[in-house]
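I have placed the structure first, in the form of structure tokens, so that the comments after it can refer back to it.
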Amino acid sequence: MTKRNGEKGAGLKGAVFCAYAFVLFDACAGHQQSAVDPAGPQSGKIAVLWWFFFGLLTTIFLIVMVFTLLTLTRRGHRSGQEPLNASHLPPGADEKELTRIVAAATIATVLILFVLLIASVSTGKSISELGDKKNGMVIEVTGNQWWWHVRYWNDDPSQMLVTANEIHIPTGRPVMIRGMSQDVIHSFWVPNLHGKRDLIPSRVTTEWIEADQPGIYRGQCAEYCGLQHAHMALWVIAEPQAKFDSWMKHQLRPASPPGGPTGERGKQIFLNSACIYCHSIRGTAAGGQTGPDLTHFGSRRSIAAGTLPNTIGNLGGWITDPQGIKPGTHMATIPVSSEDLQPLLEYIEGLK
Amino acid sequence: MNQTEPIPNSSEREAQALRDLENSWQTPRGMIGWLSCTTHQAIGMRYIVTAFIFLLAGGIEALLIRLQLALPNNTLLGPDRYNEIFTTHGTTMMFLFAVPMMEGMAVYLVPLMLGTRNVAFPRLNAFGYWIYLAGAIFLYWGVFTNTAPDAGWFSYPPLSGPAYSPGKRVDFWAQMITFTEVSAMCVASELIATIFKMRAPGMSLNRIPLYCWSMLVQSFMVIFAMPAVMIASSYLLSDRTVGTHFVNPAEGGDPLLYQHVFWLFGHPEVYIIFIPALGFVSSIVTANSRREIFGYPGMVLSIVATGFIAFGLWVHHMFATGLPQIGEAYFTAASMMIAVTSGVQIFCWIATLWTGRLRMTAALHFVFGFIAIFVLGGLTGVILASVSLDVQVHDTFFVVAHFHYVLIGGALFPLFGAFYHWFPKITGRLMNEAVGKLNFWILFIGFNLTFFPMHILGLKGMTRRIYTYGSEMGWELGNILATIGAFIIAAGGVVFLINIFLSRNRGEIAGDNPWDADSFEWAAASPPKSYNFEYLPVATSRYPLWVAASERTFVTGLRNDRREVLVTTLMDAEPHHRLVLPRSSLWPLLTALAVTIGFIGSVFNAWYITYGSILTGLAFVGWFWPRLPVETKP
Amino acid sequence: MRTLCIFGVCFFVVFTSCQREKRDLRPVPTRLAIYSDAARQSPLRPGGAEQPQLRVTNPYNGSAYDIAEGERLYEWYNCSGCHSHGGGGIGPPLIKTDWIYGGEPENLFDTIVKGRPNGMPSWGGRIPEYQIWQIVAFIRSMNGQQPRSATASRADTIEQNPQTIQNRTGGATK
Amino acid sequence: MITQNMINVEHLEPSDISSQSPLWWGQVCIVAIEATMFSILMAAYFYVRLSVDVWPPPGDQFPHTLLPSIALLPLILSAFGSYWASQAAKKNDRTGMLLGMGLNIILATVFFVMRIIEWHSLNFNWQTDAQGSYVWAFLGLHSFDYVADLAFTIVLFFIVLSGRYAEKQRLGVHVDSVVWYFIVAIWIPIYVVIYWGPQIVETQ
């Protein structure tokens, strides 16, 4: 009876494990935020290391399991319920043999770990050498509760672009992320490009990322940072150099004047509301620094750090009830009368 | 077997001796007696029961977490409530369940295994329990009055600092840490003194049961790890209450320093929970494979080595903060080294089972489950040790899966095995084996269903501690599986409780040694008498109950009319002198109350530190005041 | 045994009855309306309220969460630009006992909403009322008029306590 | 045949005043805890101190070194009083214990008065800046242990004076001395750190 139990255990564990293994294999590809779906050299090297570790460690696991379960089918077990005799020690020969086996297994463990150590350290080293000071570009990312302040570094201050929650990078060019934090500790993580790097107040942390082919990669804050830690995402949009340059040129321009009278009215509503104390729109009187820059808000993919897709409807909902959509957010609930709302939305969405 | 048989005394002297023992060791009746109890069996049981209640509390919180995450964009719990619940879950499981539970088991078992009558400091033992209880109630007072901590079980500043965690929430957390660490230190120091000085004659260092070895190592780890968290929580408390600048970067403090100090405790903490479990496994394996454990010296060495290495790898919790290459390489190596020591023990157990004559008890089922789950968790641990991989999976559900595999697999499964193994000793009745095996399979399947998918979720980019996620992320499948699994685990818990309650009243009578096990606790009556042994046993072998009954040896000459035990030498356990242990006393409770007043008050007003200290000082004077008649040399 | 259970239940009820630190992340609009009445035609004159029936109490009194929010807004809306960290600068200090226009919550609210001659701008209709109440709660905490358990011991900034200021200015008195 | 299976321990002492006693080991554990705590705190002090260029922070005085250095003398001497008492306790010599503990108490009090004077002359407090926090933490924690053990010694002194004492109390005197050695010993590195630390460690 006990024996059947044991084998049932064997079968079941095996089945469960295989099932999971399959899930694992098909699950890990083709996601906009996946650690094993690399889109750049850094994440590529990490993924290679990952599959190496995965293969080796899985083998070890299976071997250990096999031996563990074999103990259930040993003669000792079959002669199970016999009364206890004086000696609780098998013949010395067995012990000697066991000692040799266990010693061998231990040495094997040490060697395998040594291999893994070498692999890990060398990967780390080669990743750290990927950075490229002279041809690389520098982007400052500052974590805030709960959004990302982004600044493209340039020696000419007039060419320094400030934006939020969305990073465009040229493909095939190394980009250095200079991480800082305004309040608590956040962590910058775009899994398809590279591992995470904490953004720590009073410190500057750096990491090099690079995208091989054009694409849109999602990132998320990976260090618990308070109420809305869950809604602190960002997009990295990799595009060819030329496309990137034109984007940059457009973003550097001040906000485009509103098209049409409703837009104009919306602008006035915006400038006379509390919005301007936190948000800035280059080319207008709005110069707030504590909230995301809205100069080209209309061109962005999402609202409130990846909380909602950027549509005029969502924006309306966000402005009228931010605390309902993102409880605890620092976005103020500003009473906007229904007739004012539409122009305001048109104006903001018009900031392409 | 009843060890009074070789004693050639006339029956009435026998009876008189027993009466004397009963009188001198019994606890006074009534409420006062209950509060003043200092026998290790009672205190141990209180630890175990209280810690089990908090296991249930933490489990309920876990179910709430899983319910919230079961579906994308779920609104069952708001962000604030969710943060409070996962913080309370982690804190409860770590500080109010795992450590106290392991201590409770040790307080109950170690004196029995060493063949003595109580721990070295019975009143300190009681004090430790009362302090732990006070801390636990304090935290849950906060939870029930909407003052639950919400900064994570590690409370990183600045998020947990005065500027970003307003109110008293984090102070409740930090002060609860102080309570539990005081309690842990009390138990650790009394266990060290007991294991060093109160072993049965002849139980030299190389004959100590492996469980006692692991508790010895664990106690030393407590002593060197807890001061670190004492400092970390004091950083937080003083910054939050009196405005010091330990973690304020603007004034020269440093938030990263907090992380270093916290993990200097936090990593050993994992082994503080897990090393006692190794002891359980060794005992269960030895008893149920009915052969001496394979490679005793290797086991002892690897336990000790684990204890040392555990202090050298805290930084692998901080790889994402960006460290110098060389440092990373060192900590990667250290973190991987710990796998060797664990590996050695796994191999030795497998070797023992390989050549043993297995008895597939429920306890042994849990041991097999432990090996399966813990090996997997250990291997994912190797992945986390590698800096390059860690920066990808750190703070994702991969890590959540990893440490649940290591902690539930490595500590909870052995613990349940231990419950099934020692339940007959504690209650005198066997637990139902069939239900026990059912219980094991439910827990094992539920556990893997809950936590294995989390590996995949982590790789698919699901970060920890998020209260919700969008449906576009492709995380539904894993999460719904995990939630289902969580409820299966809950069902397993219910089965266990039912088994406990049924077996406690209707289970078949166990007898002293139902498993034909090897160590001294099985020589005592089940349940043990308040004095454990009428005649203290002598260890003539590493497996003292496996020597022929005619070669058993016992100690006579201890006075029965007072609580007298035998102190032996450190290395060879030669009898050295007799020691009179204190009787029942209310002072531990009163002292604990004084300390509690000081601790809880100081959260709201720093002056209470002074008031509390004065009260505590007075209580200690009462504690140590010489009782008359003063005992003098006979 | 039964008495014990009853005692336990009572204990638990007492134990869990109070909500020490309730935070409602989402301002209730109706309440906003009430404030705006109070704000717009509040008859309060310097020195405090004469007509008690029109007194409004700060809904965020003693709420740690909202006091902290107020502290953040105090910086974000640049109150510190004139009033510094309560010590005063271009504008009058806020850590004091004698207020020209009254130091009660409703007076502070009124002052912020309507503005005052010689520089204090009117914020009514710009800053939403619930945030004004949060700022009021914070200003009161500067003067120790909020429970200590709800007030932060310090901010993550250069420390403002007298001893430090004295040090920074060369410890003149020592 | 059965009697040789018995070990008789009747002849053993019913108590013992030496490192063989479990209580001694318990005290050693507590000392180990305290020592670890102070060492971590000192490491933290240097971690913070080395991460900034200006130390002590602007405005803070360099702590005076004269008075604390003189104060070391009575402190170290007090340890000898404590040693005397513990030896007397082993020999159960009442006068010896009283004299030893008396000397210990007097010198300890002298040291503590000097510390209070020095402490009072600091021009920064715990909420001034990081150095303030650490110096006050060192002084506070050590004073806490110091006063606690001093109080315990005083209580023991009166117990012995009253004559109502036995092995337990003599053992108390013995382990009390162990704790006192620690409190004296741990102060010396702390003294170096907080009074000489700002001078000796240079970031440049």
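Which chain is which? They are A, B, C and D, in the order written, and residues in each are numbered from 1.
As a working rule, contacts are C-beta pairs under 8 Å (C-beta built on N, C-alpha and C of every residue); 3 or more make two chains touch, one makes a residue touch a chain.
As the structure is a computational prediction, the values presented were derived from the model and not from experiment.
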Chain pair with more C-beta contacts, B-C versus A-B: A-B
Central chain (distance from its CA mean to the mean of all protein CA atoms): B
Chain centre separation (chain A, chain B; CA means) in Å: 35
Centre-to-centre distance between chain C and chain B (centres being mean Cα positions), rounded to whole Å: 45
Intercentroid distance (Cα basis), chain C paired with chain A, Å: 38
Distance from chain D to chain B - Cα centre to Cα centre, in angstrom: 31
Numbers and ranges of chain B residues touching at least 2 other chains: 78-80, 158, 163-164, 242-243, 245, 248-251, 254
Multi-partner residues of chain A (at least 2 other chains): 201, 227, 327-328
Residues within chain D bordering two or more other chains: 127-129
Parts of chain A lying in touch with chain B, wherever the complex brings them together: 2-3, 5-6, 9, 12-13, 16, 20, 23-24, 27-28, 31, 33-36, 43, 45-46, 49-50, 53, 57, 60-61, 64-65, 67-68, 70-72, 74, 76-77, 79-82, 84, 86, 88-90, 94-95, 98-99, 101-102, 105-106, 109-110, 113, 116-117, 119-121, 123-125, 127-128, 145, 183-185, 187, 189, 191, 194-198, 200-203, 205-207, 218, 220-230, 327-328
Touching residues on chain A, where the partner in the complex is chain C: 201, 227, 272-274, 277-278, 290, 321, 323-324, 327-328, 330, 332-335
Interface residues, chain B side, partner chain A - complex: 78-80, 83, 151-152, 156, 158-159, 163-164, 249-250, 254-256, 289-292, 294-295, 298, 320-322, 325, 328-329, 332-333, 336-337, 339-340, 343-344, 346-348, 350-351, 353-360, 365, 368, 371-372, 375-376, 379-380, 382-383, 385-396, 437, 441, 445, 448, 452-453, 455-456, 458-461, 463-469, 473-474, 478, 516, 518, 543, 546, 548
In the complex with chain B, residue positions of chain C that touch it: 15-16, 18-23, 25, 64-65, 67-68, 71, 148-150, 152-159, 161
Residues of chain B touching chain D in the complex: 6-8, 120-121, 124, 185, 188-190, 192-194, 196-198, 201, 223-224, 226-228, 230-231, 234, 238, 242-246, 248, 251-254, 257, 260-261, 264, 538, 550-559, 564, 566-567, 569, 575-580, 613, 617, 620-621, 624-626, 628, 630-634
